[in-house]
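Both complexes shown next keep subunit A, but they swap its partner, so subunit B is in the first and subunit C is in the second.
And now, the complex of A and B:
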């Protein structure tokens, strides 16, 4: 059971998860990140690292996030690995506030 | 003169310890703009620290992080020097003389003591000993665990306690195809344990388990996890703690404990014969471990929680509770040990530092750095060490212009130093021989690996090879 990045990442892209990931399983484009389920070892280190709780363990997440399982798997295949922390998107602070974190 | 930056004369860094924090430090150094050479020094012949000897054998997915370390170890500019103990075979000052920088990443290998009567009575063990033993760590290989008593008590409610509990509770056939050490499998197969009591100082909302580990304890075949329904009643401050969105893990734990409490109600009416039971207890602090020659019971103070949310402290009341048992596992946390020649914070069991720079009597110890559990204390999981080591290496890189004014011999200097000492270093190729032997032995038993649990046996495998790594003069 992998971990997945859900919609809270959109508009934030804080990328703190990347420095906590022991296996470099995060891929991304200019908007957000995705987890490669083939590489993720289910350690959960990224979950508390995300300032907007965008990351969930598939085993205990609300059903509304189910579509994200396939989206993460697909996007991770085609997007490059994000190896280092990057600056958050300019919209990140407004988005964080909107999400209530 | 500044070395490294212009890619001719390399910067030499020694990393002491080969667990996750050491490997992530090595990775960050080798990826930096500087021309770095990393020499990793490990006390055992085998690398990977607690990923090899701490992560439970039934968590193989987590252990697969080793593939990342293997890739780092094979990078250009990386040297592995196993079976060399810093502080015994070579001193810190010798390392500092031979390397531009030294990163201490040797973890926290001892246990915190409870400081109560009977702590060391027969039948009372530390979780560290038990974990090291079932994981085939040479230091714990010859310990004798007597699992002939039907009741065990685990003191502590963190993930190590969860591992100990799971290994004791799982049906033996569920462990046979893990990489658990054979000597442990034999003893566990004869285990008479029926009840495991897992005891915490504070309440269910403050239990340190990650929800993932706690959930697993409720999913063990032929085993029920129980919580007394009254224990799930929370005081106002605890209710506020689990309502905080930043504390999502505690809320998940609380949901699991409440599920266990539901099962407990129904299991009291049905038959539970032939099942193992895990029973969680809260708000109990150990008072004494009692017994004549062996453990017979543990006495606890009943605690009350006082204080505001997230700062609640457990105060003992006059109430005392006892649990009859034949076995105790103390799992109240690891503790770092000091190293000769390195400052040490005795109270916290860590090396004092600022962002990874070691602090000695108020000043930076030039070129000395620290990362991982010996830097921040024994908290966090594998990935936490990556972020931690990135911070330390960032400090180190910032200091490099000042640290690289002289040439240092690095790896070659280290090997030359130990050449005349009674030391038998193990290099990467030799570790890979041990690794291959272990996986081949595992294959024969349908296990991912059968660990070699004695250092002499590991070295005997290598005896046909040159006694010392070849160093070009």
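And now, the complex of A and C:
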């Protein structure tokens, strides 16, 4: 029962979450991050760190996010670990506004 | 967990659970209600995050199943039928029953049963010791966990804190030995990741490919209960190839020649036969460990849970003295740094009240004690349970249940919920939860003094253990000042606040800040045994232990401060490999009937049984499950997702099978902590475990358990 990153991360990539993860379970490409469900230990430390509420606990999230479970698992296998905070994408502020945060 | 942190009153607290991390809490209180509990971002270990177990901790306080009032049993034992009564009636019932028992059988016919269901100085392991010593009850030896490691550690290096877990960040080679840290020591993992970032290699020795093992650079699967042989095999290589620290050994150790002789009996080929680890891997491990300094070993409690567990811990604890790893910051071994805290156990436990004819009964022998198998005189006529749940957590659960059903046994339980043990009680008393009480936590995994301040009032008529034992003392007519002390007076007496380690630390400051680090050196400079200074009688790391002459002993804190009637069973001055008792190799006849070695480590989403009754945690944990190797599964016609029956002569339980090569052939793994009463058969793993003790400290040998499995 891991956590997942939804498409709120797309265009933002704030990466505050990775500094709160005790197990380095975030992977990413240039666009966004994903969580490796094999490594995530369900602590939820990352959830309040995300400025756009992109991270959810699979156990209590809306059904609309269910497709992200598989996407996170697949992408985490092929993308590198993101261990340290990086600069958000140039589009991040506009995207945050669009998302209403 | 909500995603927004509310604008609320914040109260500083600390986690009550029996876990090495003892996290710093921030209680968020809104209009008198505890709405959220989060981790303190400023605490160097907690770093703002708690763990999966504590995620719904605020809600847990308001669980509708909380016991809120004293109750008396109105149905058969075990039926769970209770009726509310007043505290006065509950206490008067206890007084009259106990008075009659004491008149007829003597006070030793009353036995307390406690463990670390709560980990506070005031309300934890020792919270009832003074009362029961004053009463003259049987002394309960509380050796569920760590007692074997404590005895082994003290025999070898004395009561030293050893390597600070935070110093792992400065290690170059880290062995995690018998511990699934991501489940049970999560907040230490970032220090290992920091070390790895700087080039350290991380090795995990574990029979199971746990989630921690999967993160390691090298996972070494080992047959359960053979850790001592592996340590001796490593020594064989290290001494044989002269890659030990001769200068350190000469100056700061005792008994090298005897240890070298013992290690010479364990060449890698022989150790490979015992452990199942390829001989070349043993050589590589030994060489890398000895020559990559600073090297560190994070020891897990799992190692003690086999017949030879005590000697295995002694051997592992000797490795950093052999290699001179202690010379360096980040070198040495982490076991339990609790010994750095200047406790005043005599004040807490009042062993001065123990009578000359005192009797000790080990809690892991509870079933035998209650059913007459121990032939106790006087027999146990009353059991008082607090901070513990033996029906789930003690071995040989079926025998315990049989004992608890005795009509002539008067059982009282103080609890948060009507647990599998509580439902056999004649009287149930409602206990307070951590957010509702004041305590200074007993920390055994890091070096911070942690204060927990109450965020809310206890609901209903729940009371802290401090208040419980005050009431019981008054009920029994004990007018001693000890039972009239305020909580702060108790805390002042329970520690030596003038000790160098406590310099600058006061209760006043703790009330403001929540936590403070002991003055025992910082993680980036601490090397406590760079020049020996071990806390043994010789001042050296004792390869040949001077304490062994008196035989096995249990450290005072686990037995109400009592030093008499120690087990005293013979102990080799130089540790040896002691094989499992239940293994097909050692006991082929038993192995024929029950060929699979069952391990039962801690669950991910529960803390032992705590939170096992929470719906969301049940979803996270899943139901009782066994992991079985594909070879063992296919030969029994077992597939993933199907139910299986797990059994031996002691008992049985059912579980869902998960077929995986995460476990070796010949063994299966399940988790302890699922509430037996919530399982399909009303039983859980401890229905199968043996009430056998490890060779040191009367530790439970839970891993020494052969079973068979068939499709249910």
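In this section, the second predicted complex is superposed on the first by the 101 of 101 C-alpha atoms of A that agree within 3 Å, B and C clash if a C-alpha of one lies under 4 Å from a C-alpha of the other, contacts with A are read in each partner's own complex, and residues count from 1 in each chain.
The rule we apply is simple: a residue touches a chain if its C-beta (ideal position, glycine included) is under 8 Å from a C-beta of that chain, and two chains touch if they have at least 3 such contacts.
Note that the structure is predicted; figures quoted are calculated from it, not measured.
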item: Which of subunit B and subunit C A:38 touches, first, second, both or neither; value: second
item: Contacts of A:60 with subunit B and subunit C, given as first, second, both or neither; value: both
item: Which superposed partner A:101 touches (first subunit B, second subunit C, both, neither); value: first
item: Doubly contacted residues of subunit A, that is, touched by subunit B and again by subunit C; value: 20, 22-24, 41-45, 48, 53, 57, 59-60
item: Complex contacts: residues of subunit A adjacent to subunit B; value: 16, 19-24, 41-46, 48-49, 53, 57, 59-60, 100-101
item: Subunit C residues touching subunit A - in the complex, by the definition given at the top; value: 1, 3-5, 38-39, 47-52, 55, 182-183, 186-187, 189-190, 193, 197, 211, 214-215, 604-605, 616, 619-620
item: Residues of subunit A that touch subunit C when the two form their complex; value: 1, 20, 22-24, 38-39, 41-45, 47-48, 53, 57, 59-60, 83
item: Subunit A partner contacts - residues on subunit B that touch it in the complex; value: 20, 24, 61-62, 64-65, 68, 210-212, 215, 245-246, 248-249, 252, 380-387, 390
